[in-house]
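Next come two complexes, and both contain chain A; in the first it sits with chain B, in the second with chain C.
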Partner chain A sequence: MQVSKNRLRENIVAYIFLSPILLFFTVFFAFAVGFSVWVSFKQWNMLISPFSAPNVGLWNYSSLFSDPLFISALRNTIVYAFTTTIAVLILSLLIAVALNNIKGAAVWRFIYFAPTITPAVAVGMIWGYLYNPSRGIVNEILGWFGIPSHNWLTDPRYALMAIMITAVWAGMGASILIFTAGLKAIPQSYYDAAKIDGASRVKMFWSITLPLLKPTILFLLVTGMIGAWQVFDLVYMMGTNAPASSVEVLSLYMYNTAFVDFQMGKASAAAMILFVIVLITTLLILKAFRKGGLESYE
Partner chain B sequence: MRRVFWILLLVSIFLSFSAVAKTVLVIQTHWSDYQVNGIFNKSGKLIYPGLKQYAEEYMKLHPNIEIKIREVPFSNYLQQLIISHMAGKEADIYDLYSLWGVQLVSSHILAAPPKEIINAVKRNFVPASVKGATINGKVWGIPSEIDDYALIYNKKLLSEAGYTEPPKTWDELVKMARKLTKYNSKGAISQYGFAFLSGWNSAVVHPYLSLLYSLGGSMFNKSYTKCLLNNQKGVKALNEELVLFKEKATNSAGNVFNFPQNTVAMMIMAPWYVRSLKQAYGNQYTKYVGIAPIPPIKKPATLSYTWFFAVDSASKHKKAAWDFLKWFALQVQPKTNTTRAGDLEVNVISVIPPNKIDLRNHQKQLADLKVFIDQLKNAIPEPNVMQGAQIKTILMNQIVAAWNGQKSAQRALDDAVAKINSILARYYH
Partner chain C sequence: MSKKRAKITEFVKYTSVAGVGTIMVIPFFWLVSASLMTLNEFISVPPKWIPSNPQWHNYVDVFQHIPFLHYYINSFIVAVSVTALVLLTSAMGGYAFAKLDFVGKKPLFRFTLSTMMFPAFLFLIPNFYLIKLFGWVSNYLSLIMPFAVSAYGIFLLRQFIMSIPPDLIDAAKIDGASHFAIFTKIIIPLSKPALATLAILTFIGQWNSFLWPLIITSFSPQMTTVPVGLSKLSLAFSTYTNQNLILAGMVLQVIPVVALFLYMQRYYIKGIVLTGFGGI
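Showing the complex of A and B:
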């Protein structure tokens, strides 16, 4: 009796301590998500009260799948998310391994980390100049090899690719830093033992480095994928002059639907779909890693 | 006794506060900094007053009124208006793009103007601007600006190519644009014979509609139940643009804002850009910049759009707001025989003033915009339709897809019409 009373008291104290964060979570997350789910079944344009907006059932969801622009945005987002996440992962791992234990680490760290701390707007503007068809350095360099100029940010064949290259460049810094920390955590004795056994560098990479970096890779894969699904700023900055179907991504589609077209119901339905996609992708990644013997990245 | 004293004291404090409390009017505008704060010379002397100076003048005349100006960029203007209205933080007076009017009126966000203002607008303003401020047959504000489109060309680039005159027909424009387009050694266009701008719905759609109107076409049927753009005239108008792309006289990477770098020979633009060109070229302006009517495909035509001053229906000071607007945009100053709004529009904002008296009495200052003003007679106002901005973006996306060769003109316009008709079906029966 005394034990259960004590436990009850402990629970109450715990909930009192947790109450600020619970309140914060309820107001800024649970309410917002709940409201968004509710609105996704309404035809609400923000000009009237959401309570008087008509209920349309699943119409917003069905109208999304009959909207070619949404389908394009979904396709572009899938391409963007997988391509940039995997490219960032591979390139930053290679660079981190190459720069591990190299002299002048601070200088290298500054060089690779600078794009990460540069605001996306500035990145978009700088790369916009680089991609300029007549004066940009990208076409200039390609010209040295006899490759004709392209309109990188307006041609539907290249616009998304050009934005993805920028995203990879801007996104590598943080990943390299995390990989570097992961590499430092691998005990040197493993490599020494492998060397004595005559293992080559490549063999050491595959058999020691990569398996022991699995938690880091999982962390970067999950966070990178979540971030990539929600990409907005770079596409907003760099994709305005390209045909919408070639560069529109889900976040931009949601923004335009909500704040340009004022179709809050449809935008909320798109947000729900994005939420489900991110959830499924994350669960699949976690499951794949679990099969490899990893429970979490901690 | 003590209680009575305290009550009397509180009442007197309340009354004294009420006596000095001012009526606060908030004006929301998309105008840029110098248009609000006025233009000063290098020694800091005010040359042309901005909205702020007019507000100060009004406050001096009406000490019980306080005017606050809320500057909101054009790109966020409508969002800001709707969100602040919903949150109960609405401005009292707005300067509104006519295309947004239908939505705002149908959602009861705008207050109906007093009869005397409606009559004054109908009587004193140019017809295209009155049509712009008219929604469902009723005037909803005082026009503040009327814009139409004309051909702006680089005289020097044209003369270097052997042309002394701008093109007179669209076919001539295509021929000239082809000759005026130059490519660098890597195959990129270094000089555009004709430039479009692909990232902005007005910049894409308005020139296209001007060509459509030149063919005698129309965007919608009279009851707004059907979009007509995929008919023969609509497709022809887009094909006329596509000729420029096929002839390699332009591409979708063009940018009309590169005109001052002398890399654009011709473009279709609105009068508000003329001030920027004058600033960029300085005293070389007349040597470089020429303005002519849009070369017609069939008959002379251009699209016009309007901005108008309106009052929020939730404003607690509607009468004070309309009184200010009457003083600012309708009252004629005896000294100049112009309105204050007209002076601001001409001297600072560099747009065509929609009030006839301002047009008449600002002729000298409006000399650079003469072609635009003359073309008002051929102007067809942008249709005031529900979800107008959304419809314009849908059309832009399809036109840009056609420019980039992703779709034929017919297919692009079929796709646009299908989407636009589904929107119209929700609002018009």
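Showing the complex of A and C:
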């Protein structure tokens, strides 16, 4: 009797402690997801009640795929997500290996990390000035090496690439820290044994470092991809002067559709598509790594 | 032979680290340098690297030409409030999931984790609709409430609180302490390292937050935060002439975050390594 009374009390206490969280998730998560799905089948402009907005079935979805700007956004986002994630992964791994056992590693790590704590908006603004064709220092520095000037952020051939370079510059810090933690976890004895067997540094990197970092690489691929699919701040700040089709990304398309054009249904449909893309890529990456024998390292 | 080779490797290592490091530093160097230029120096062609006479008054002018203080106060109120709420709700949820036994514990915890996989964009429209419905658009609640709970924070605190020895809690129970007393007298004080990690991640994430404040402020400009305010001025390049002042504003925007980072580096790095994100 006493036991069950205690158990009942513990249940009540637990739900009192959880009540703010449950309330929050009900309102700002469960309702929100349901609402998004529901609105994606409606033509709604936020001025009237969504309940009196007309149902349009799958029209929002089909209108997206017949909108050339959406197709451009989809293409640019795919290019951006894969390029930046993989470039950040490779560069930060190389730098983390170089920083391992280097003198003054803490100072270097701070230098590489500084862009990560800088607001993405500020990063976009700073690089916007740096890329300025006549006053910016990017063309100035390239000029020292005899490379001709370009209109980095207005030329459709270069604009997305210029934004991706900035994204890699800003995104490496966190990955370097995570790789450093991964490298520190590899026992030195592995390298010592390999040295005795006469293995070269390159050989050790391929057959010790890389395989043992697989869980770290997987983690960075998944989190990096999820973040990159949703890029907004940088493109918003740096893409304004380029032709829209060359730099438009899904998030920007959604923002403009929802909060500039007030086509809430169409924007919700785009959000659902983004969600499906994020889900599928995450699952694919997880599956690919499982085939590579991730289990043995977990 | 192998000694010479090792020396070459060392040389390559240091030059590449320093070379890429220079690329990392140049934009910051330019930012600080340009924030001290006169407008004429700032727009000169070819670009100037160092102001001939540092214009320290740019840092005073920015407060007079732009409602910068107002932005700063808004950002500060929002970041501090969200951080306080996230710490409280994460500690409460973390305690319940780590130390209490209740019906539906497992599915609720799994649900909490699964919310992290949903892209933020899915929530913009419904949350804006709700904020409007609640009548919060023109006050701070619009910027604070949608971020009051963090699934990541709950997860972090749950993992940490699980490592608190059960003996401590049992002893307190025998002494007749209530669950509330255990929470405030044992759990909270012992969770300080995890709370510090969560606090710095949340504060920096909110201080740098852009998209949601951008949406809210397009309906209520008095809610403008530092990133939104500066971005609007910066994008109006042709019409707004005090560009060098915006750079001074940007330096002032970055300073609190860098200071906080240097002061609490240990906790911040721990959070980064655990999440892979520079903010939440």
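The definition used in the following text is that the second predicted complex is superposed on the first by the 271 of 298 C-alpha atoms of A that agree within 3 Å, B and C clash if a C-alpha of one lies under 4 Å from a C-alpha of the other, contacts with A are read in each partner's own complex, and residues count from 1 in each chain.
The rule we apply is simple: a residue touches a chain if its C-beta (ideal position, glycine included) is under 8 Å from a C-beta of that chain, and two chains touch if they have at least 3 such contacts.
Please read all numbers here as calculations on a predicted model, not as lab measurements.
K.L.:
Of chain B and chain C, which one touches more residues of chain A?
P.N.:
Counting contacted residues of chain A, the larger count belongs to C.
K.L.:
Touching A:68 in the superposition: chain B (first), chain C (second), both, neither?
P.N.:
Only chain B; A:68 stays clear of chain C.
K.L.:
Mind working out whether A:245 is in touch with chain B, chain C, both or neither, as first, second, both or neither?
P.N.:
In the superposed model, A:245 contacts chain B only, not chain C.
K.L.:
Quick check on the superposed pair: does A:46 touch chain B, chain C, both, or neither? Answer first, second, both or neither.
P.N.:
After superposing on A, A:46 lies in contact with both chain B and chain C.
K.L.:
Using the superposition on chain A described above, determine whether A:58 touches chain B (first), chain C (second), both, or neither.
P.N.:
Neither partner.
K.L.:
Looking at A:288 after the superposition, I want to know if it touches chain B, chain C, both of them or none. Which is it: first, second, both, neither?
P.N.:
A:288 contacts neither chain B nor chain C.
K.L.:
By the touch definition at the top of the document, which applies to A:29: first (chain B), second (chain C), both, or neither?
P.N.:
Touch partner of A:29: chain C, not chain B.
K.L.:
Touching A:21 in the superposition: chain B (first), chain C (second), both, neither?
P.N.:
second
K.L.:
Does chain B (first) or chain C (second) touch A:261, or do both, or does neither?
P.N.:
Touch status of A:261: first partner only.
K.L.:
Considering only touches as defined above, state whether A:193 meets chain B (first), chain C (second), both or neither.
P.N.:
Touch partners of A:193: none, neither chain B nor chain C.
K.L.:
Name the residues of chain A shared by its contacts with chain B and its contacts with chain C.
P.N.:
46, 134, 140, 240, 259.
K.L.:
Which part of chain A faces chain C closely enough to touch in the complex?
P.N.:
Interface residues on the chain A side: 7, 10-11, 13-15, 17-18, 20-22, 24-25, 27-29, 31-33, 35-36, 39, 46, 50, 91, 94-95, 98-99, 102, 108, 111-112, 114-130, 134-137, 140, 169, 173-175, 177-178, 181, 201, 219-220, 223-224, 226-227, 229-230, 232-233, 236-237, 240, 250-251, 254-255, 258-259, 264, 267-268, 271-272, 274-275, 278-279, 282.
K.L.:
Please name which positions on chain C make contact with chain A in the complex.
P.N.:
9, 13-14, 16-17, 20-21, 23-28, 30-31, 34, 42-47, 49, 88-89, 92-93, 95-96, 100-103, 105, 108, 111-112, 115, 117-130, 132, 145-146, 148-149, 154, 179, 183, 204, 207-208, 210-211, 214-215, 218, 227-228, 230-231, 234-235, 246-247, 250, 253-254, 257-258, 261, 268-269, 272-273, 275-278
K.L.:
In the complex formed with chain A, which residues of chain B make contact?
P.N.:
Per the touch definition, chain B meets chain A at residues 79, 82-83, 86, 103-104, 106-107, 109, 184-190, 198-200, 251-253, 263, 387, 389-390, 393, 397, 400-401, 403-404, 406, 415, 419.
K.L.:
State the interface residues of chain A toward chain B in the complex, per the touch definition above.
P.N.:
My answer: residues 45-48, 67-69, 133-134, 139-140, 142-143, 148-149, 151, 153-156, 240-246, 256, 259-263.
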